[in-house]
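Two complexes follow with chain A in common, the first pairing it with chain B and the second with chain C.
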Partner chain A sequence: MARFHPAEDVLLDYAAGALHVGARLVVSTHLASCEVCRATTNLADAVGGALLDDLRPSSLSADALALALARIERPAPPSAPSFKGPHDWIRVPDEVANAYRSRRRWAAPGVWVAPVTSNSDGSRSYLLRVGAGMSVPLHTHTGDEMVLVLKGGYSDGGRLHHPGDFALNDASINHNPRVLADGECVCLIAADDTLVPLSWVGRLFQPLVRI
Partner chain B sequence: MNLLISLGVGLLTLGTPGDARVHAGVHYGPGARERMDVYAPRRTEPHTPVVVFFYGGSWQSGDRSLYQFVGRSLASRGIVAVIPDYRLYPEVRYPEFLRDGASAVAYARLHARDWGGDPDRLFLAGHSAGAYNAMMLATDKRWLGEVGLVPNHDVAGVIGLAGPYDFLPLRDPILKTIFGPPDTLPATQPIHHLDGATPPMRLLAGDGDTVVDPGNSTRMAAAVNGQGGAAQVKIYAGLGHISLLTAISGPFRRRAPVLDDMVSFVRGGAPSISAAVRPTRSPIADTIGATP
Partner chain C sequence: MNATIGIELARSLGLSRGRRTSGMTVSTPPDKAAGATMSACIVRIADHGDRDAFGQIFNYFAPRVKSYMMRLGAEPNIAEDLAQDTMLTVWRRAQSFDPGKAAASTWIFTIARNLRIDLARRDSKPSPKPDPSDMPEAPMAPDDAIDALEDQSRLKTALSRLPPDQAEVIRAAYFSDKPHAQVAIDLGIPLGTVKSRIRLAFARLREALSTEVD
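And then the complex of A and B:
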C-alpha cells in the first residue's frame, strides 16, 4: 500500500486528460496499485473538471475539443498485472514492461535508463535503475518531474519511498535521494523538462562514480 | 462503463453499515434520467429528515450509482437520502436540469412517508454542479413554484458542498452554451436571487479546491446573511474538490467531519469545530457558527 500519493490536482488533471503522455503513464501505473486514488480519480472523472474556473485559469478550459479528444485517448488504468518482473515489482503496463525488456542501457556504473515515451513537446518518461546504496548528487529540477517507485526504495529528505509511492519534484526541490542499502531501485519517471537530455541522467551520477 | 465506474468507487462504500433499505431506480418522471435511488434507514423516527442530494458533473456527466456512499452514509445516520439523476447537456440546457430537480424534490416530498421520512423536514443538498442545482431550487422560487412548492416553506434547509453560486463571467465555451446568452446570465446565479426569505443553509468547501473557488461559498454566505438570511460557511483546511466529497465515505471520514457537519445541520445542531479547520484562517473560520 503506497504511502505517498498524487495530490488531488494531479488526479483531476489525469481525469480531465490534461497530463502529457509520460505523466499520464506514471499516474495510471500508480492507480493500478492504489485503490484509494483510483476511487478518487473515478469520482473526479464523473464530477468533471467542472471548468468553473474563477480560481483556475489553466489551459483546461482553453479548448473544449482538445479536452474531449484527450479524454477519449486517455488510457484506462491497467486492471490486471500485465508484467511482473523480479521480486517486489508493482504491476506495470505493457509499454513499461516492453521498455524494461528491450530498451535498457547502462548510463553509469550501477545505473541504467530505459526510455518509455517521448513527446514532441520534449516531455518524456523513462525507467531509471540505481544500484543499492547509491545516492543521486544534490540537484534540482527545471520542470515538473513525477517519480513512481516500481521496485526497491529510496530515501529523500527523511522520507522512505517504497513500491507504489509517488513523488512530484519541481524547481522548489533541492534533494539528493539515496537508494536503500538492501537492493536496487527502479523508478518510472516522467519529466516535462525540455532542456535536459536523457543522457544527462547518467552524467548526473558521474561525480559519484569517480569517488 | 457505469459498472466499471461503480466498481472503481466501491471502496467508498466500505465502513458504512449496509443497513439501509434501498429503493433503486424509482421513477420521478417519464425519462430514463428521471430516476432516483432512495436510501432509508431501517429504523426511522417520527420526524426522520429527508435529504435530496444532487451530485455534480458540470451538468454534463454523473450517475446516481456512483453516489451510493453518500446515500448509505446519510442513511446510517438516520436520514432518508434521495439521490436523483437529472438530464444533462447536450440532451438539455439550463434550466431543464433545474426542472428535473424540482420534479425530484416534489416527488420526494410526496412520497417521504413511504420511506419513513417526514415531508416537513425536507433538505436539499449537492456537490459541485449539484450544489448549484440545490441552491437554485432554494433561492429562485420559480422552479419549485412550477411544481407547487415554496422554498422557504417546503425546504427546511440547504447543504452545499463545493458549490458554484456566483461564477460569472463564464469562460468555458460549453458552459456558455449550457447557460445561454449573456443578457440572461445574471438570472442563472443563485447569489442574485436572495431576498431574505431563503431557507437556512450550510455551505461547506475545501481550501484546496482548484475547481470551484471556495470564495463562491463565502460570498454566498455573506450575501445571504446580509439580506437577513441564515447561512453558515465552513472551509476545511487541506481538502480539495473531490476529497471534500470522499470525506463523507467511511475510509476517508477521518480527514474531515463533512458527514458530521451535514448531519448536525439536518438535526439542528452547530457545525463541529475540529482540527480540520485552521483557526488561523480567521476571515473564514470566524464565520463558523457566527450565524444561527
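And then the complex of A and C:
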C-alpha cells in the first residue's frame, strides 16, 4: 500500500490525457497498485465522459456509418504478446517489462538503466536499478522528475519510499536520495529534460562508504 | 497575447452547457435515459454482436468524439478517423465494458483519449508499437460500482454548478491538450491558484457523488 501519491492535479492531467508519455506510464504504474488514486482517476474519467456527452456533435461524412459497419466485419489483429515484470516487482505495464527484458545496460558498478520511452519533446522514461546503500550527492532538477519505486526502497529527506510510492521532484528540491541498505532498489523514472545522457545518470551514484 | 488565449479558451470551452442542436437524426432524451440506452447498446454488442446497437452508439458518439478531437486541435479529417477508430475499438472491446462501473460516455471517453495519445505518440516517434489501446487501463476500484448512471447524472449537475473559475481549469485540462501548468500560463493564472482550484473542484465533485448514496 503506497504512502506517497501523485497530487490531484497530476491525476487530472493523467485522466485528461495531458501528461507526456513517460509521465503517463509512471502514473499508470502507480494506479495499478493504488486503489485510492484509482478512485480519483475514475472520477476524472467520468468528468471526461460527461464533457464528451455534452459536446455539440460534429457532422460526419455521408458514408461514415457504412464505413464503420464495414470495418467491424474485419477480423481483429492478434493482440501483442505481453510480458510480466520480475515477480518481486509491483505490477508493471508491458512496455516497462519489455524494457527490463531487452534494454538493460550497466551504467556503473551496481547501477543499470533501461530506457523505456523517449519523446520528441525531450521527455523520457527509464528504469533505474541501484545497489544497496548507494546514494546520489546533493542535487536539484531542471525539469520535473517523477519517481516510482518498483522494488526495494530509498530514503530521501528522512522519508522512506517503498514499492508503489510516488515522488515528484522539481527545481525546488535539493536532495540526496540513498538506497536502503537491505537490498537493491529499482525505480521507474520519467523526466522532462534530456540534458544528461542516461549513461551519466548511472555514474552519479556513489557506493556505500564503509567506515 | 495571454489575455487573448484566455478569452479564446474560455469561449471555446463553453462554460455554459451547449444545447444539442444536432443535425443528425439522433433524438436526445434526458441524460439518464440516454445513458441507460447507450450502456444497454454496448452490452448488446458484447453479448450478440448486435449491429443495430452499434449503429445507435455510432450515431450518438462518433459525432461527439469527432468534436472532442477537433477541440484538441485535430484537423476535421483526422478527427473523423479517430472517431472511426474509437468506434471500432468499442466494437472489439465491448466485453470489457461493465455498465455497473462506468457510464458509456466515460468508457468511450477513455478509449478516445487513449487513441489520441497514441496518435500523438506515433507522430512524434516513428516506431511500430503494439496497439496502445491495449495499454492496461487501471482496473476500476471495486467499491465504485454503485450506480454508474446515477453517478453520471449527478456529476453533470455538479459540473454545471461549479464556480466559473473552477469549471474553467477543469475544462481547460480536458480540452487544451496541455498539462495544467501550461494551462495556468495560458490563462495568466498563478500555478498555485490553478492547483487549488483543481483541488476544490474535485472536492465538490466527490461530495456531489457521495451525498444521497447512503
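Following the convention adopted for this analysis, the second predicted complex is superposed on the first by the 163 of 211 C-alpha atoms of A that agree within 3 Å, B and C clash if a C-alpha of one lies under 4 Å from a C-alpha of the other, contacts with A are read in each partner's own complex, and residues count from 1 in each chain.
Everything below uses one rule, namely that a residue touches a chain if its C-beta (ideal position, glycine included) is under 8 Å from a C-beta of that chain, and two chains touch if they have at least 3 such contacts.
What you see is a predicted model, and the numbers here were worked out from it, not measured in a lab.
**Q** With the two complexes superposed on chain A, say which partner A:D94 touches: chain B (first), chain C (second), both, or neither.
**A** Second partner only.
**Q** Looking at chain A, does chain C or chain B touch more of its residues?
**A** C
**Q** Output check: A:S118 vs chain B and chain C. Expected answer is one of first, second, both, neither. What do you get?
**A** After superposition on chain A, A:S118 lies in contact with chain C alone.
**Q** For A:N42, is the partner it touches chain B (first), chain C (second), both, or none of the two (neither)?
**A** After superposition on chain A, A:N42 lies in contact with both partners, chain B and chain C.
**Q** Using the touch definition from the top, say if A:R24 reaches chain B (first), chain C (second), both or neither.
**A** Touch status of A:R24: second partner only.
**Q** Have a look at where A:A32 lands relative to chain B and chain C in the superposition and call it first, second, both or neither.
**A** The second partner, chain C, only.
**Q** Classify the contacts of A:R178 with the two partner chains as first (chain B alone), second (chain C alone), both, or neither.
**A** neither
**Q** Per the contact definition in the header, classify A:D9: touching chain B only (first), chain C only (second), both, or neither.
**A** After superposition on chain A, A:D9 lies in contact with both partners, chain B and chain C.
**Q** Just which bits of chain A does chain B share with chain C as contact spots?
**A** The overlap between the chain B and chain C interfaces on chain A comprises residues 7-9, 12, 35, 38-56, 61, 64.
**Q** Once bound in the complex, which stretches of chain C touch chain A?
**A** Of all residues in chain C, those touching chain A are 17-24, 26, 31, 35, 51, 54-55, 58-59, 61-68, 70-71, 76, 79-80, 83-84, 87-88, 91-92, 102-110, 112-114, 116-117, 121, 124-125, 130-131, 134-136, 138-142, 144, 151-152, 155-156, 159, 170-171, 173-180, 194-195, 198-199, 202, 205-206, 209.
**Q** Of all residues in chain B, which touch chain A in the complex?
**A** Of all residues in chain B, those touching chain A are 5, 8-12, 55-58, 60-63, 66, 127-129, 164, 167, 171-175, 208-213, 215-216, 240-243, 245-246, 251.
**Q** Hey, which residues of chain A end up touching chain B in the complex?
**A** Answer in residue numbers: 7-9, 11-12, 35-36, 38-56, 61, 64.
**Q** Could you pull out which chain A residues touch chain C in their complex?
**A** So the residues of chain A in touch with chain C come to 7-9, 12-13, 15-19, 21, 24, 28, 31-32, 35, 38-61, 64-65, 67-69, 71-72, 76-77, 79-80, 93-95, 118-121.
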